[in-house]
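After this come two complexes, each holding subunit A, first together with subunit B and then together with subunit C.
Right after this comes the complex of A and B.
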């Protein structure tokens, strides 16, 4: 009876919870980092973020780091970005050893 | 290949760890080791290497999996050492290998204390499996509760299921000896095992409920996902095991007593044969349960898959909150309790049994129709959750699609008064009315995709992709929220990007815990932000300028274009220009105030204080995760 209709905390694999810049957002100024929050804690040794511009060239600094105070948040530094659409590809390993990956885009306006 | 190895290795590892714990538990606490004639020691010596070998194969398969490479490629020292020393899985594996070495040392010594130490080490080895399960993915208090439940679950399984093969072996020896002494020892061991089994079943049941709660999350996930259906199979097999154990305890165990009128002990012998058979059946079911567990461990828990609802109706407890129905519902519940009490009374006493049961049935039958309001129509996608994350971008996409696909009938503002509405045989739904909140997002999703039979509402599954349909729902939600916000109802503000000096990207949700004052302005926005900063509203307040022009120096900024269209929905007059309006969002994302023109300092100070000190207790509708 207690189980009915009440959703417990969903876990198992790390899924993207939210992102900054938010998924699909348009920014006025170029961000210097992309930060992602996941639904569970990550293993940094097997997690990464790659950011590509519209032509497919990498624009991140290649060093995705875990937030020292929040093991669910991974971020990566960016090179100076011009206007355009950027794709963020992420792959993470959660501490319970499941791999997930996904991608999102954001846009920097002129 | 590596998935298969992972599955098999995990299964063998779980099964052997359970068997070892059960074996040592049986030999220390259930039967005297002498009566087992050292058999337990041989079993322990066979199980331990299997544990180490299967654990190592599991580790290798896991390394292949995390590096996304085939098994052969995973056998690199560099990769294996990274997994071993730089992941939690690796640390737990190393620790457990150490436990195995200590366990071997303890098994070498043939003393009673050494046997107890071996039991404790085996229990630790089994319990530490909790640290490589789904529980470690959780945070805070949930992490502690789920982990504790997993540990108790594993230990109870070890003591009970792991002990069953020992019990069967034990009966075999007693049957072979066939002496009165052997029967007496068997009877005593059966009683002890039965008592321990009872506690283990209670523990498995309690912790199993906790784990089901965490992993399946809800009834739809339990019956609507593959994970949930395997879990149900596991629960069914557990039920069968408990039924067999109950027969052992209630029916067969009493028959083990030797009676003077049965000099050849035929009755006791038959009972013991049956006990042995049942124990083996239970053990076989236990092995099947562990196989399911091994599979479930690598599966996505039900709470994270879209759950397909297989029934045409679903439950809806919303009626309890509606004054129109709640009185009748509580009355009906009371009637059902009364009916149950009458039925119980009828079972306990013989006199007037028939009339009591008849009254109970009548009371229950009278109450039943009241419960009809708890049931509502359902669709396969009823419990689907949105993948959009409820962002201003998604609302803006939805608004655009709504204007193109929906507004002709439902009206520009969703009121059901579009230009085509008057020619339709069934009037289009008012998408701002309260009924919108009575439908789950997954039901709106079904209607948009498949239409409503018997009405002019067409299905858009062929023309609009899934993401767009979910965006439409985000717009419909924000639009209906906007109508109700004017009447003072709380509304969750869709997420949007906030860019602050110093560069690092942020967003409304990333800003959680802080109050946001959002200022839509034109050329004068810099002066307004400076004025607000001088008010000293508090260190927990972020001022955000929403402007298409370059943001004022030093202030946080949000892009106005998509945001303006979204926030205009919450203004008293939504056709009004957003420029000059200001919004107050509290630390939990609730919209607290929407001012069409800049408020004065007193109003603003009071609004910030209210937002800070008087939290809204309603729960936001789930936004789902962005997969």
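Right after this comes the complex of A and C.
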């Protein structure tokens, strides 16, 4: 039972492991995509990403997709971004039906 | 309206109230906030979880005695918003200058109802009733001749809504509980008074996983990226029948949260008169049954 905690089996709540752009980062150039990696495999039909600018306007393409080679990774394309702060809102459902959500920000420098 | 009709109406109202509350989330989540199970204070959520073991080395007593406890506890959801708890511990007491004495402690049970979970504000609240049962446990350490009933209110609040100017404080969260102990006998057969006791506990925690995933990735590597440093503070104050002196424990420590279990370690620093001296410690291995057994014992017995 203890080994389940360290072996990386695909069960349990999906926490955000890391992101591109990194959480809270400042970028010199605008990214064309936001990619999130989670600690568990995801159900894509019940998982999504929304990216908003500082005014709350949506700037993603609305098509969050699961990496076909990595079921723990979800990404969404972005419209051309200018300088400013952007908020990424995510919600995912792990394969064992546990739902988690969160948000992060990144900044595109002037 | 007849008495039986009032009774049926009351039951119907209670049923509707229970099922109109917001759906509960397993495992201590409110929005983006994950609340790990704390050790000294009650958790503000119904859950399918269990601890085995909780090993407590208590600070030396005022009489020079030492005690080590080996505990187990289980929380089980009956419905998504209602759960029950059981806890027991094996006590090993070493009186000063005397051989050790050991035995089971009194059985403790509880019933809990999830009042609310507000994901947007990372807040949750729970009400419950706890019972410490008379005439249970081993006789070597003395069985209590009275039951203690304790209504409780538990709460949790994450600070993720703080403005960007203080974003480094967003990983902070506070959980706590308020309860009053009501013994079923105001005094024992030997004349010892049994007071009503007001209890308050609070845990102040800083979630490093929350920091890395919600505020800023500062590059923490495992195991630090899943740690929650915290300090818990408990207090108990008799309300009647005896001198009103507050006693309690300050417990700084850390919890590491994995996918299926968590490990907790805390120092126990007593305060208040008559509390003895020195410090103690506690280690706990706590399992998330909803993640280990999501399709069987890790889900509510009724409902979904």
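As a working rule, the second predicted complex is superposed on the first by the 99 of 110 C-alpha atoms of A that agree within 3 Å, B and C clash if a C-alpha of one lies under 4 Å from a C-alpha of the other, contacts with A are read in each partner's own complex, and residues count from 1 in each chain.
Just so we're on the same page, a contact is a pair of C-beta atoms (placed from the backbone, for glycine too) under 8 Å apart; a residue touches a chain by one contact, two chains touch by 3 or more.
Bear in mind that the values here come from a model prediction, so they are computed numbers and not experimental data.
Enquirer: In this superposition, which partner touches a larger number of subunit A residues, subunit B or subunit C?
Expert: Of subunit B and subunit C, the partner in contact with more residues of subunit A is B.
Enquirer: In the overlaid three-chain picture, which partner chain does A:23 touch, first (subunit B) or second (subunit C), both, or neither?
Expert: Both partners, subunit B and subunit C.
Enquirer: Under the stated touch criterion, which partner chain does A:103 make contact with: subunit B (first), subunit C (second), both, or neither?
Expert: second
Enquirer: Between subunit B (first) and subunit C (second), which, if any, makes contact with A:72: first, second, both or neither?
Expert: Touch partner of A:72: subunit B, not subunit C.
Enquirer: Considering only the touch criterion stated at the top, classify A:15 as touching first (subunit B), second (subunit C), both, or neither.
Expert: both
Enquirer: In the superposed arrangement, does A:40 touch subunit B (first), subunit C (second), both or neither?
Expert: Both partners, subunit B and subunit C.
Enquirer: Under the stated touch criterion, which partner chain does A:31 make contact with: subunit B (first), subunit C (second), both, or neither?
Expert: first
Enquirer: Using the superposition on chain A as set up above, list the residues of subunit A that contact both subunit B and subunit C.
Expert: 2, 4-6, 9, 11-13, 15-19, 22-25, 39-40, 96-99, 102, 104
Enquirer: In the complex, go through subunit A and note every residue touching subunit C.
Expert: 1-2, 4-6, 9, 11-13, 15-19, 22-25, 39-40, 96-104
Enquirer: Would you tell me which residues of subunit A are touching subunit B in their complex?
Expert: For subunit A paired with subunit B, touching residues are 2-29, 31-35, 37, 39-41, 43, 45-46, 72, 75, 93-99, 102, 104, 106, 109.
Enquirer: Residues of subunit C touching subunit A in their complex?
Expert: 25-27, 29, 31-32, 34, 119, 167, 209, 212-217, 258-261, 287-288, 290-292, 294-295
Enquirer: Okay, in this complex, where on subunit B does subunit A touch?
Expert: Residues in contact with subunit A: 62, 65-68, 82-83, 86-89, 132-139, 142, 212-219, 222, 298-301, 303-304, 315, 317, 388-389, 391-394, 397, 495-499, 503-507, 509-510, 548, 550-551, 557, 559, 561-562, 622, 625-627.
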